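Shared between the two complexes below is chain A, which has chain B as its partner in the first and chain C in the second.
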Partner chain A sequence: MTNRKSFAAIAAVLFALALLPFGVSGYVLGLLTLGFYTAVFAMSWDLLFGFAGEVNFGPSFLIGIGAYTAALLNHYEHWPIWACVVTGGAASIVAGLVLAVPALRLSGPYFGLVTLVAVLMLQNIIVLFAGITGGEIGLDLPDVLSIDDSNNYWIALTFMGISGAILFGLSRSAVGLILQASGQDAMQAAALGFNVTKHKLAAFCISALFSGLSGAMLIFYEGTVSVGTVVDIAVGVQVIIAAVLGGRRTILGAALGAIFLIGAGELLRPLGEASTFVVSAIALVTILFVPGGFLGALLHGEKR
Partner chain B sequence: MKLLQILIDGFAISSLYGLGAIGFTLIFGVSGVLNLSHGSIMVTAAIAAWVIAGDLGLGPYGGAAGGVAMAVALSLLTYMLVVRPIQTSSRIAREEKEIFVLTGTLLWGIMIQEAIAYLFTSNPKTVRPLIPGVIEILGVRTPMQEILTAVISWVVIGLLWLLVNRTKAGKVLLAASINPRGLTLLGFELPQIYFWVWALYGLLAGIAGLLLGAFLGVSSDNVGQLTASAFSIVVLGGLGSVTGSLIGAYVVGYLETITAYSGGPSIRTIPVLLLLVLVVYIRPQGLLGRR
Partner chain C sequence: MTNLLEVSNLTKRFGGLVAVKDMHLSIAGGEILGLIGPNGSGKSTVMKLIMGIERPNAGSVKIDGEEVAGLPSHQIARKGVGIVFQHSRPLHRQTVLENIKLALLPDSLLQLFAAAHIEERAHEIARRVHLHHVINRLPGTLPFADLRRLELARAIARNPKVVLVDEPFAGLTAPEVADFSNLIASFRKDGHAVLLVDHNVRGVANLSDRVLAMYLGEFITEGSADHVMRNETVRRVYLGGALQHHDRATPVNTADELLRVENLSVFYGKAQALDDVSLTVAKGEFVSVVGLNGAGKTTLFNAISALVPSTGVVAFDGGGLDGRSAGQIARAGIVQCPESRELFGDMSVRENLDLGGHHLPDEEAKKQLDWLLDLFPILKSRAGQAARTLSGGEQQMLTIARALMMKPRLLILDEPTLGLAPVILEQLSKALEVLRQTTDITVLLGEQNVTFALPHADRVYVLEHGRFIWEGPPERFATEAGAQFL
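Entry: the complex of A and B
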């Protein structure tokens, strides 16, 4: 029953969101569009951490590979947008495998460090080959998704809806349960006959696919790609904060956290440089006092 | 000539890296915490010293003392406001404490970084050296401050060695890192020990930050880089191993200096990252790691 109720609630929220372009300004729509793409980053991260228990410090490695693959193909080869996005997603899977196959032998802080180093390497490489990649200034794209705010908004909303449904469905499936078991006690999960490595690898690929797709979509929305928007450590940190803030192991909470972060960052913009301070402080207080995050608190309250 | 220059510069920078990383590894060894606000504590020490020595007019020595005191205070705050509440929280599952401490200290570090940028801007600041002047070593012009950096780093590391290996307090620290439960059974209060470890850590990070500020200058933008380099050095040497961290610091320091002199400063960190990936894959426990 609770399941049906929450399903109805989500459907209602999505429907309300879809009607938003008829009521609010392009400025708000632009903000939410950015929020939706960030939400997909955060949900992908949550699948890997919340369920598989792997601390990925480098979500922006997977995002950046997808985004830059798509950008380079569009800028130099003039491939159509959809082909660039699909290839970007595929490239992210390959990058995810390259990173995951050896890295899954490691655990805890070591795995985290490798993912962190991967981001730093990617950043260095992009800056080093500035002649091709545009370096720190970035690269302009000849094509954009749409020049209309409402269309961009609907594209992003649809993309988030589909990605969210797939990721959430996966997390509630048998595979999700096995992943959760592997994350909490890998040895016991293996003793029960599940192939832990295979499942974690699959989680890595799916997480990589959606990160890459979303990264590629994001740059075609913005019309430009740069290290600061898709590769920088700060981008990854924001994704992690969003997922932890919204509630780990919920997938949907991650989306909530991401949209909240983007919104809060904008609302606090008048504070200037102090805004990052306030957002970080809110996030810190949340993880100290409400470790389950927004959605965790909500679900917990409902159970009582 | 160039070789000698690399030897001297590399030695000074490596000693500084060693001092910076040693506190990081100490906290991990004794209490199992990876403190991602490390860089911000180092930068705070340098900026505080800069403000106290310059704006408040207390001179380089007053600034140095004030900067280190700030670092110790901030380190204790980190422990009491962020790390301790997470460790004792009953609402966070045990296997998740690690990621919470990582996220918590990361956020805390960002807050400190932003506070510094807001109050004192993110422009690089150079702390006035304790001993000004330049001397020549076999034809290489070397600032006195560079020599002082290496000397102070090694004196502090030496004192730490004496503390850990030759005093009762040091034995308690060692015991806490090997078997905390056994230590509790002997009647020692773990929280009290952790408190002193964090104070000691603040002292080490503060001195390192101060020396860095006088040697190369610091800005609040360096926070992430400093934390990442301490993390890399410590993993390279083996988490929790002090000797390993020192070796790691010299490997990283010299590799960076050689790359900067031969290939240019823009690719300075790349060989280190490659080496790190290699070591983590082949020997995840690091050069001298325990597990």
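Entry: the complex of A and C
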């Protein structure tokens, strides 16, 4: 597939999505809105895993920091939404740095374990300071993005479009190339004169920024923040499955996987508890037999 | 002439092991130095220390007069050192051109697009290493030699003052070797300082201005290829002082075949590691396969044990092993002692041995254990000690003893002498001779140390570049095949 062709295809899909509010119900729009925010989580995660080669088992740590920072500022200080979202993104970067600077010195699976522990700690802190954070029940927000389904949908679509363009562009840039080299073979990348730690840290910051922004946007869409929606391990697991399902190292595949997961979860809801099982089974089969994911299989016909 | 690379008093310790000791070497611009040493001699470590992949414990590394010892790898690279790794690992989703461009990019987070001159320079480099006709292909579609060219292209992309090349000709065919020699010679013409790291003098003799030999982490001698080959220590390390062999008290019946290998070939991706190899081992026979590191010994053993996929026939005790798993083959009686020993480091010597005899009835296991502790008395005194605290030689004995606990019908020993001091070799040698003279066990031994391999051999095979180039009794080895080993 040539670059121009795929660009035209993506533009067509986005245009079609933008027209959707004129044809479908508010229920479907709500579902897709959630899917778009999850898509940004998954794309951010893929930048780190697919390109920098670091497995972040705790994407919901970064998402949660962004979401709760924004929520607290809005709830207690009544900052305007845009200021809360921007500060949330910035807080994610800071928290990400605090986590990654020591963690990236570790090798092997330890980076992943550190990120996993970070999620559990964040969850504990939120529950511990329930008086301020609302604990497990959560916190209501005075402001919401919009009360209109279509507007919420367009905001989310635009946000996903811009985030996706930036993340995808970055992955295809010179910096993305260096990042990929660092992820695949750090020793060789260093021998070519690249400061591997610096590049991985930058990738972590960018991943944190978009996770945090998206987390903050999500809670202003929902009008409430709770551990279950933005911090819980299950949220992170869903992001990881979405990215792997959609196609590692493709960025756009991650978005595809996220929307698929949210959609499938809803479609299968009549199955009750079994729906989670079916979605997990699909994910498992994909990972086992099509390790390149949806998009990987489509673009590269790749088999490992 | 000023030296572009100047290494002095370089020392590296890994725990208690001194991998490099007080090493010194220097290379001027426009000069090629061949650094040779057998497996485990520390030559690769020297290269890694220069590149900054490992940090030296002491000593100095100067690039064009500037001290770089202890700096991280990427800074040393920017001071003007390039390395050609033995195994190339290019980015597989990027074309050859993009892979070369990568090496030319600045180490910057802000420069999102490659500058225009980078494209041009990448094409120039591709032409130089003869990759221009495949420049838009993905690395996965290229033959092995082209992947090595790509590796070379990336190493020279930044026009480094010093170029380090690890085993320049491993896995290449004769015409490819000639082509690569010309390329490397062209670095010399351009005034680069080049360090070639290889196992033996022969590999680098034609290309090098000087050759430096090291062994067990230390400098042995330096000079012309001829000078190094004449050196006493070098001869002893590679050939042994005097090659000797012992006759058996009772000769084995070579017609009684235990293992037969026919037309065995193994590929690792595109590189052929084993090329149509055939061998036989009779019941009770000691057969040695000698060859330099990378010749394919371990691959041969792994193919016999079904640890790597292969084509060809492996028959054991009359029956084919085709389709059997590694576990089934081990239970059939082929027990391999790998190069890496694979002991359970945190378990005691006794526990390691007990694990080996796990499947035997208690009575028999005890008998076998007593016999082994007699054979390796040092293990008796170390019985309660954790395996990882043993010295290298003791660990090797424990590995062999544990394998013997399994009462193997065929014992495969893969480079038991790797990294061992000469005095340990002697103890190991004695134990092997006892096995040979007093038991009916069958042994297949892989070695690059000919002195160790020959005395216990009934027959010898010489393996080179994945093929047997000589086969015969040990007493004919020195005259017919000995010259291959310098």
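Convention: the second predicted complex is superposed on the first by the 299 of 304 C-alpha atoms of A that agree within 3 Å, B and C clash if a C-alpha of one lies under 4 Å from a C-alpha of the other, contacts with A are read in each partner's own complex, and residues count from 1 in each chain.
By our rule, contacts are C-beta pairs under 8 Å (C-beta built on N, C-alpha and C of every residue); 3 or more make two chains touch, one makes a residue touch a chain.
Nothing here was measured: the structure is a model prediction, and the numbers come from that model.
Engineer: Would you mind checking whether chain B and chain C clash or fit side by side on chain A after the superposition?
Structural biologist: clash
Engineer: So, A:Ile137: does it touch chain B (first), chain C (second), both, or neither?
Structural biologist: neither
Engineer: Which partner does A:Gly292 contact after superposing on A: first (chain B), second (chain C), both, neither?
Structural biologist: After superposing on A, A:Gly292 lies in contact with chain B but is clear of chain C.
Engineer: Thinking of the overlay built on chain A, is A:Ala283 touched by chain B (first), by chain C (second), by both, or by neither?
Structural biologist: First partner only.
Engineer: Taking the superposition as given, does A:Gln184 touch the first partner, chain B, the second, chain C, both, or neither?
Structural biologist: both
Engineer: State whether A:Val55 touches chain B only (first), chain C only (second), both chains, or neither.
Structural biologist: Once the two structures are laid over each other on A, A:Val55 reaches chain B alone.
Engineer: Of the two partner chains, chain B (first) and chain C (second), which one does A:Ser173 touch, if any: first, second, both, or neither?
Structural biologist: A:Ser173: touches chain C, not chain B.
Engineer: Which partner does A:Ala202 reach: the first (chain B), the second (chain C), both, or neither?
Structural biologist: second
Engineer: So in the superposed three-chain picture, is A:Leu267 touching just chain B, just chain C, both, or none of them (first/second/both/neither)?
Structural biologist: Neither partner.
Engineer: Identify which of chain B and chain C touches the larger number of residues of chain A.
Structural biologist: Comparing chain B with chain C, the partner touching more chain A residues is B.
Engineer: Please identify the positions on chain A that touch both chain B and chain C, taking each partner from its own complex.
Structural biologist: In the superposed arrangement, which is not itself an observed complex, chain A uses residues 184 for both chain B and chain C.
Engineer: Can you list the residues on chain A that touch chain B in the complex?
Structural biologist: 49, 53, 55, 102, 105-106, 108-110, 112-114, 116-117, 120-121, 124, 127-128, 184, 233, 237, 240-241, 244, 248, 272-274, 276-277, 280-281, 283-284, 287-288, 291-292
Engineer: Quick one: in the complex, what on chain B touches chain A?
Structural biologist: Against chain A, the touching part of chain B is residues 34, 82, 85-86, 89, 91-92, 95-96, 98-100, 102-104, 106-108, 110-111, 114-115, 117-118, 224, 228, 231-232, 235, 239, 266-267, 269-270, 273-274, 276-277, 280-281, 284.
Engineer: Contact residues on chain A for chain C in the complex?
Structural biologist: 169-170, 173-175, 177-178, 180-181, 184-185, 187-196, 198-199, 202, 249, 300
Engineer: In the complex of these two chains, what residues of chain C are touching chain A?
Structural biologist: Touch residues, chain C against chain A: 51-53, 72-74, 77-78, 82-83, 85, 89, 91, 93-94, 98, 101-103, 105, 107-109, 111-114, 154, 157-158.
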